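Each of the next two complexes has chain A plus one other chain: chain B in the first, chain C in the second.
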Partner chain A sequence: MVFYLFMLLLLLGSTLVFYSLSPYYAALGLMISSLFGCVVLTSLGLTFLALLLLLIYMGGMLVVFVYSSALSADRYPMVSNLGEVVLLFLLLSFWVLFIFEDFLESSTLFNLLSPLNDLSSLSVLYDYGGAYLLVGGLALLVVLIVALVVSYGSSLLALRSL
Partner chain B sequence: MNILSAVLFSLFFLGIIGVVINRLHLLSLLLCLELLLVSLFLNISTWSQIHDELVYLNFSILLLTFSACEASAGLALMVSLSRSHNTDLLANINLLQT
Partner chain C sequence: MNRLVNAFLLTSLIAGTSLVIFSNHWFPIWLGLELSTLSIIPLLSYTSQSRSVEATLKYFLVQAFSAALLLNGAVLNLWISNSWDVNSITSPISYFIITAALIIKLGLAPCHFWFPDVLSGLPFLSTIIIACWQKIAPMFLLLSLSNLVSSEIIIVCSILSVLVGGWGGLNQISVRKILAYSSIGHLGWITCVAFFIPEVSYLLFLFYILNNTAILLICHNGSLYYLSSLSKSNVIPITAILFSIALLSLGGLPPLGGFINKVIPLIVFSLNGNNFIIPFFLIGSLISLFFYIRIVFNTSLTLFPQHSLNIVSFRTGNSSLSQPIISTLIPITIWGLLLLPIFFLFI
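For the complex of A and B:
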């Protein structure tokens, strides 16, 4: 039963991203939905994927989002509409709970035999799938250079000259 | 269809609608795009764990990597736009309008 509470909190995070007026509340909703997505993955047995999601998403990408929104977003955004967000969340949760009534099989949740599935499928990435690892690393290098060139534009000085 | 599939489907659908219908800020569009990619990651991971196809767990990790690439490219574009237009609001980015 607690698992379904965590799934509804995942839905709350996503309605916060979708419906909030201010992008700061949307970033909070993205953090909440990725956190409870990690909880959902852990209870299915994919603990390593949950760790990856937490580290890379919350520890990497959302930090980059926070810094670049401090650099470029509005300083005084509009007042939030949290009441409407909660109303939309309640509507969506009633829709999910009372139309889709099949619960998961109890053998898939908290299964003690499955927590090595993600590790054993990731090890292929280093062995036979070495080309995928190389291409992924090269893509990250290209995107690093792209981000630097795009955000600097044509000036040779520091980024913000206030 | 069970409740987990319904919740993950609604995450995906909210992400798509949030990218298509966006009212105010460019940053909230990028955040809805990130929600879309997180929902894809959760969908592929849970589907492959429930149906015992372990190949696609590998793919979902690469998907996470490329979503990080896309997010950083989108954020660099947003920073560059906000430097030239001095704002983030989509209604003010209208230099190409007739």
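For the complex of A and C:
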């Protein structure tokens, strides 16, 4: 039951991301959804993935996102529409609950007794799945070059300073 | 843009599409689709004009959304069938989600709304990448899924695409929008055979790519961005004639190669006894034939009021790097009907 509460809070974070008026509240929603995503992963026994998500998502991506939204967003942001966000979230969650009602009565597994589920499959990523790491690295290199070209392409696209 | 960066991005675009085609596992397929989407963003927006940047942004949003939807369907399939294998689509819900994602990616109706918008903001070389190369990967996935599960959603979407492609292109003056709607209609003709024989769809898709690339290269050569510039452009005169023939071939007139795209689906439908849907396809392609003939009319069959010095032009026209490519692709559109017996290996 608590498990579903965590997933609902994850949904609240996502709703906050896409429905809020100012990007600062969207970043708050990202923070909430990543935090509760980590909690969901931990309750399934995948502690390493949760820590990885927290470090990379909050420690890396969100810092860059908040910085870039501070550069590009309005100087005096509008006050948020938090009531509408919560209402939308409640509507979405009730809609889903009414569709999947009989599914939710089944029991969920809490695998806290075997905490190495993710480590045993992570090792496969480095062993048989080495090609995935190489291709993933190539994709990240392409993303880096794309980001640099898009933001540095010409003098017309210089980042403005506040 | 820097040549090295250009070469790197083109290489990763080809790598992304190859990754989609050669994989058995859903994860590299998603990775390849995202890689190809990301690597063409600078290729589309290198001119820094606001139209190109807006079109790039729209394209990226649509493709990223549909790739996420595809991954969602693949993970749902993993949950239900315990397999990441592409050949093991067991449940209808995961098949539907994956097919919906591929329909958005291809620009089939009813998810076609982004396609004319994006194409009309881009210069012609970028249009070739979006309309021809980027359709290879999702079309390949759609056809390989059709090998496993035959679902009527493909026929519904292809009928809608042909009708939308016909009616949407009627009131357009921008050549890029006309070609976008023609592309939507052609994809409708190509995917409808997938319900019956997906192998034939691969060949029809190849025909469509060759035909479309030739026409887009000719438009790029002559900078034919609007219907008003059709009579004023400065191309090699033989290219003007071949442009008209290639457009009529795209419309599906019989002695030309594009007729294959129309006659093979009709043969497949009638051999399977599915005569009911044939009138929808014929109506859609008849309407699109009208605007192809309008382009041909404005290019070759009318003479706009101009100085008599312009009528006799001693310049031989723009001959650029794309001229040899055009010259190799056009004969396929003219004599392509001779390749008709190949299809009877499959039917």
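Note that in this section the second predicted complex is superposed on the first by the 138 of 162 C-alpha atoms of A that agree within 3 Å, B and C clash if a C-alpha of one lies under 4 Å from a C-alpha of the other, contacts with A are read in each partner's own complex, and residues count from 1 in each chain.
The definition used in the following text is that a contact is a pair of C-beta atoms (placed from the backbone, for glycine too) under 8 Å apart; a residue touches a chain by one contact, two chains touch by 3 or more.
Computed from a prediction, not measured in an experiment: that's the story for all the values here.
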Chain B versus chain C as contact partner of A:V85, first or second or both or neither: neither
Which superposed partner A:G136 touches (first chain B, second chain C, both, neither): both
Partner contacting more residues of chain A (chain B vs chain C): B
Touching partner for A:M31 - first (chain B), second (chain C), both, neither: neither
First (chain B), second (chain C), both or neither touched by A:I145: second
Which superposed partner A:L44 touches (first chain B, second chain C, both, neither): first
Touched partner set for A:L9, first chain B, second chain C, both or neither: neither
Residues of chain A at both interfaces, chain B in one complex, chain C in the other: 132, 136, 139, 143, 146, 150, 153
Footprint of chain C on chain A - complex, ascending: 132, 135-136, 138-139, 142-143, 145-146, 149-150, 153-154, 156-157
Chain C residues within the chain A interface of the complex: 1, 5, 8-9, 12, 15, 19, 27-28, 31, 34-35, 38-39, 41-42, 45-46, 48
Residues of chain A that touch chain B when the two form their complex: 4, 7-8, 10-11, 14-15, 17-18, 20-23, 26-27, 29-30, 33-34, 37, 40-41, 44-46, 49, 52-53, 56-57, 60-61, 64-65, 68-69, 71-74, 77-78, 92, 95-97, 99-104, 108, 114, 117-118, 120-122, 124-125, 129, 132, 136, 139-140, 143-144, 146-148, 150-151, 153, 159-160
Chain A partner contacts - residues on chain B that touch it in the complex: 1-7, 10-11, 14-15, 17-18, 24-25, 27-28, 30-32, 34-35, 38-39, 41-42, 45-46, 49-50, 54-55, 57-58, 60-62, 64-69, 71-73, 75-84, 87-89
